[in-house]
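Per-chain numbering from 1; labels A, B and C assigned in written order.
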Amino acid sequence: MKTLQDYIDKLNALNFKEMYNGDFFLTWEKSDDEIEAVFTVADALRFMRENNISTKVFESGLGISLFRDNSTRTRFSFASACNLLGLEVQDLDEGKSQVAHGETVRETANMISFMADVIGIRDDMYIGKGNAYMHEVVDAVTQGNKDGILEQKPTLVNLQCDIDHPTQAMADMLHIIHEFGGVENLKGKKLAMTWAYSPSYGKPLSVPQGIIGLMTRFGMDVVLAHPEGYEVFEEVEEVAKKNAEKSGGSFTKTNSMAEAFKDADIVYPKSWAPFAAMEKRTELYGNGDTDGIKALEKELLAQNAEHKDWACTEELMATTKDGKALYMHCLPADITGVSCKEGEVDASVFDRYRDPLYKEASFKPYIIAAMIFLAKFADPADILKKLEENGTPRVFK
Amino acid sequence: MKTLQDYIDKLNALNFKEMYNGDFFLTWEKSDDEIEAVFTVADALRFMRENNISTKVFESGLGISLFRDNSTRTRFSFASACNLLGLEVQDLDEGKSQVAHGETVRETANMISFMADVIGIRDDMYIGKGNAYMHEVVDAVTQGNKDGILEQKPTLVNLQCDIDHPTQAMADMLHIIHEFGGVENLKGKKLAMTWAYSPSYGKPLSVPQGIIGLMTRFGMDVVLAHPEGYEVFEEVEEVAKKNAEKSGGSFTKTNSMAEAFKDADIVYPKSWAPFAAMEKRTELYGNGDTDGIKALEKELLAQNAEHKDWACTEELMATTKDGKALYMHCLPADITGVSCKEGEVDASVFDRYRDPLYKEASFKPYIIAAMIFLAKFADPADILKKLEENGTPRVFK
Amino acid sequence: MKTLQDYIDKLNALNFKEMYNGDFFLTWEKSDDEIEAVFTVADALRFMRENNISTKVFESGLGISLFRDNSTRTRFSFASACNLLGLEVQDLDEGKSQVAHGETVRETANMISFMADVIGIRDDMYIGKGNAYMHEVVDAVTQGNKDGILEQKPTLVNLQCDIDHPTQAMADMLHIIHEFGGVENLKGKKLAMTWAYSPSYGKPLSVPQGIIGLMTRFGMDVVLAHPEGYEVFEEVEEVAKKNAEKSGGSFTKTNSMAEAFKDADIVYPKSWAPFAAMEKRTELYGNGDTDGIKALEKELLAQNAEHKDWACTEELMATTKDGKALYMHCLPADITGVSCKEGEVDASVFDRYRDPLYKEASFKPYIIAAMIFLAKFADPADILKKLEENGTPRVFK
């Protein structure tokens, strides 16, 4: 697109009015129009920043971040998105304050939200918990707003839960759209979301689940590949199947990495833990069973080690479409001979794709900002138009 | 009130000119007009935020926070207040930098204040130290400003010291005013500030002291109740007595929780440590006497345990005015059967008052912002007027 | 100067066009005009802040700080500078995220820079590493910008490396200029940069190196004094020699503190570690040789202890020009009888110079802001002019 008006016109053709005052939990809870609205606003915000048009829509307000893990990438993406819109990030550090469940969640959620316009949560470690916790928080602030405690209901952005990683999957998808020159060119393209060996264990399932839950909506042939025993959450596979059917693409599974890579247009080789093992781990943590956790860790590492041949090698890459599928990863990757002895990907493959990988990551702040934008304004297209008319430069001139 | 002009008119009838370029240490160092000015500006700022009028009065500037304890609530209240006015919070983390006394205070206070408009300090742990430390900081930056080192003198906001907790007490009071429909309706109302059992020890005295030091100014009958041995700072009791006399209310003491609750309109049951024990603890810390500290801790917990009957039960609540006194707490509370086996309050009582409790807490960011506002502008009423005339929306529209 | 126009006129007479889109590594990589441009913009920004003219040139954008040590002063200086220009600081905490070298640097540098306008790095601990690391980061983001990953190339500000401490040295120099009433009054003045005893070890060399590398450019007679064995980086001595030659001043060395102080107009007594020892320490750390590190530490402390007579005493101060040389320090100082038993300076000397010392420190935020300003605008003089014309007040009025 060449002008902001193009994005505005596109938005005006979409129906996303349910997003106003809403939240973003899972991509498959959103309609196709809503997903497209996020992409469109993300692209529009990027266009505006690149053209030195300020997108600061908040004169004041806080963006609260709550991370259960340390995280540089997600932290910076969320901070960047908030800053782009005029919100100041305030971290609710688990080390600094205990966040528990039930009424305590209700209390803390209200206490931090008096000036909060957004809450971004990353809680991906425990199966059955992360997404549930986010809902608890949203319920609490929704009630707080109704009861007159909170003047506004802050919007939740799911920065990764146990089920989905919507900001990652959508940034990845926007990258694909840009690389392939538009959604209209994706029909029939083959995308391989495959497991890959890593010497670490317990990597979250939200990435593969997020990918199959979203990428099946665009008419692509999505293949999920993993060794036996590395199954992902069944309900998300169901989502993927229905998506594929509706979009005219396909969703298939295989236990062969080679089969998945064969003629693929896009490959996404990445390690994850078996769903069943993650469930067990959650239970062990719940019981405070440290010995059990250690035993499970050992077991999982041994299980991983049986599949060291699941690596994105030059040989495998050569079997993809014209030998040059788009290689994707959420980063950081376990690179063979660089970050570990044997890992997810050959160093030479990874190096060749650094630029596209970094571009892939660069969409995330804009995706997050777009989610916030669409939740905060009844008529986002009109706001974009007015921002352009105002023409306040981001950098003074 | 219905319009901002109402708040402005109210302000114009008050004399608070001494607050300009001042600081906020203790409520009883402020005149009645000054206290009312804080409430009025707090309400005005809230009115403006709720009506989407930006109150961003700083284009740049820092709000420095210095906490000796971890604190989610106070941290977020201070951050919210600063953000509302346009200041960016920068934490001076004790873990990150040593803050000592004497010349070191003078040096650090100047080093952090080159761009600081506000310094918020929470230092409540040691009797005789917290408030003194705040004065040291203010003296240092006042001198720094006079000597041409600092272009401006940052305003100090006492976020809790060993003597008073002014932002808490004033948020609590503003909550009472709103619940009872105005200061004019408080004459003759009975407020019970009472000790309550908690299985933790060493809780600061600044809350009960702050409450009796402030609430006695509005013609209410304030009762301070605690078991023998849980006396608060004598000087603050003197303040309370004088306040009551002047305001036409009363200040009485009792060792019976039942007596305090009887026909009370407002109850504030909360644990605290005995003043004498806190003094001893401060000395032990000063001497680095860890064995002594451990012994004292054990002793205090045992002493607390003798008074488990000091709990805000349904039975006691039934004895209050019409059985429905306003229950108050600075949060988090020790709730029986929820956050501890036996605590300050019955779960059913606490649950019934969640909404008012959260509203109570919601005033704190506005109280802090009002304290800053009144210290920073010679004519705050005029500034509010101009902000309304400018009509910059907080959220773009 | 009396008006902003004076600063603007001065700027317009200087050639600093190479600074646009550049970075700030070492002062001696900058021309005299460029150095003067930094001083001029720093003074202009201070003038504007003191006259309540907003210098907020960024509506949004991040300033990334990356510190290998804890640091209150540098942290607050960088945060203040960013805030003054409208950038929000986001810390890349080493504790929160691993930053390594090579491709990992490239990756992290890009990941944090999607919305970054500035990166400030302090990395002074390892000889041969800090400055090199900064270059790696700049190379990464320069490439990222060329490759279309980053919409802008963030500017690097060296907040202290193993070679130079440009923001400190330039703040110090601006302090000298102000104290002596202008650069034109410095010709022939004697500045003594001397080692002083401290009971701690391993203090970075970047301060003495920064001082001799910069102060020799203004026609002064700069003396570097230290006990035998406390040599600084030879290459920087070479820089100092050439500077002195070109500026018509002199650069000499001595092993006598008394000789250095004799008739000095300015004295800068400060501890540092021997260059050779720091090189050895870097190697030991690289090998993970903890025993070796402990042995070296012991050795260095013993070596220091042989030179306790290297202290800035009243007696020595009396030998300076009229007995009242300008005493300087980067702070915090090791004060005899205050922060340590025997240290760098007598308490009475230090106390007499508190005001000038704090003023010295107060220039640093403005120096950092000026470095950013000059890197971000093709015509900084024009921007200053427009900011004045706009006349947006920093504090609302």
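Everything that follows uses one rule, which is that contacts are C-beta pairs under 8 Å (C-beta built on N, C-alpha and C of every residue); 3 or more make two chains touch, one makes a residue touch a chain.
Treat the numbers as computed from the prediction; the structure is a model and nothing was measured.
Novice: Give me the chains shared as neighbours by subunit B and subunit C.
Specialist: Chains that touch both subunit B and subunit C, as defined above, are A.
Novice: In terms of residue numbering, is the interface formed by subunit A and subunit B classified as same (over half shared) or different (under half shared)?
Specialist: different
Novice: Averaging over Cα atoms per chain, report the distance between subunit A and subunit B in Å.
Specialist: A distance of 41 Å separates the two centres.
Novice: If you look at subunit C, which of its residues touch at least two other chains?
Specialist: 56, 88
Novice: Give the list of subunit A residues in touch with subunit B in this complex.
Specialist: The touching residues are 56-62, 88, 90, 92, 96-97, 103-104, 106-108, 110-112, 114-115, 117, 144, 147-151, 376-377, 383, 386-387.
Novice: How about subunit C: which of its residues touch subunit B in the complex?
Specialist: Result: residues 46, 49-50, 54-56, 70-73, 75-77, 79-80, 83-86, 88-89, 331-332, 338-339, 351, 354-355, 358-359, 361-362, 365, 392-397 of subunit C touch subunit B.
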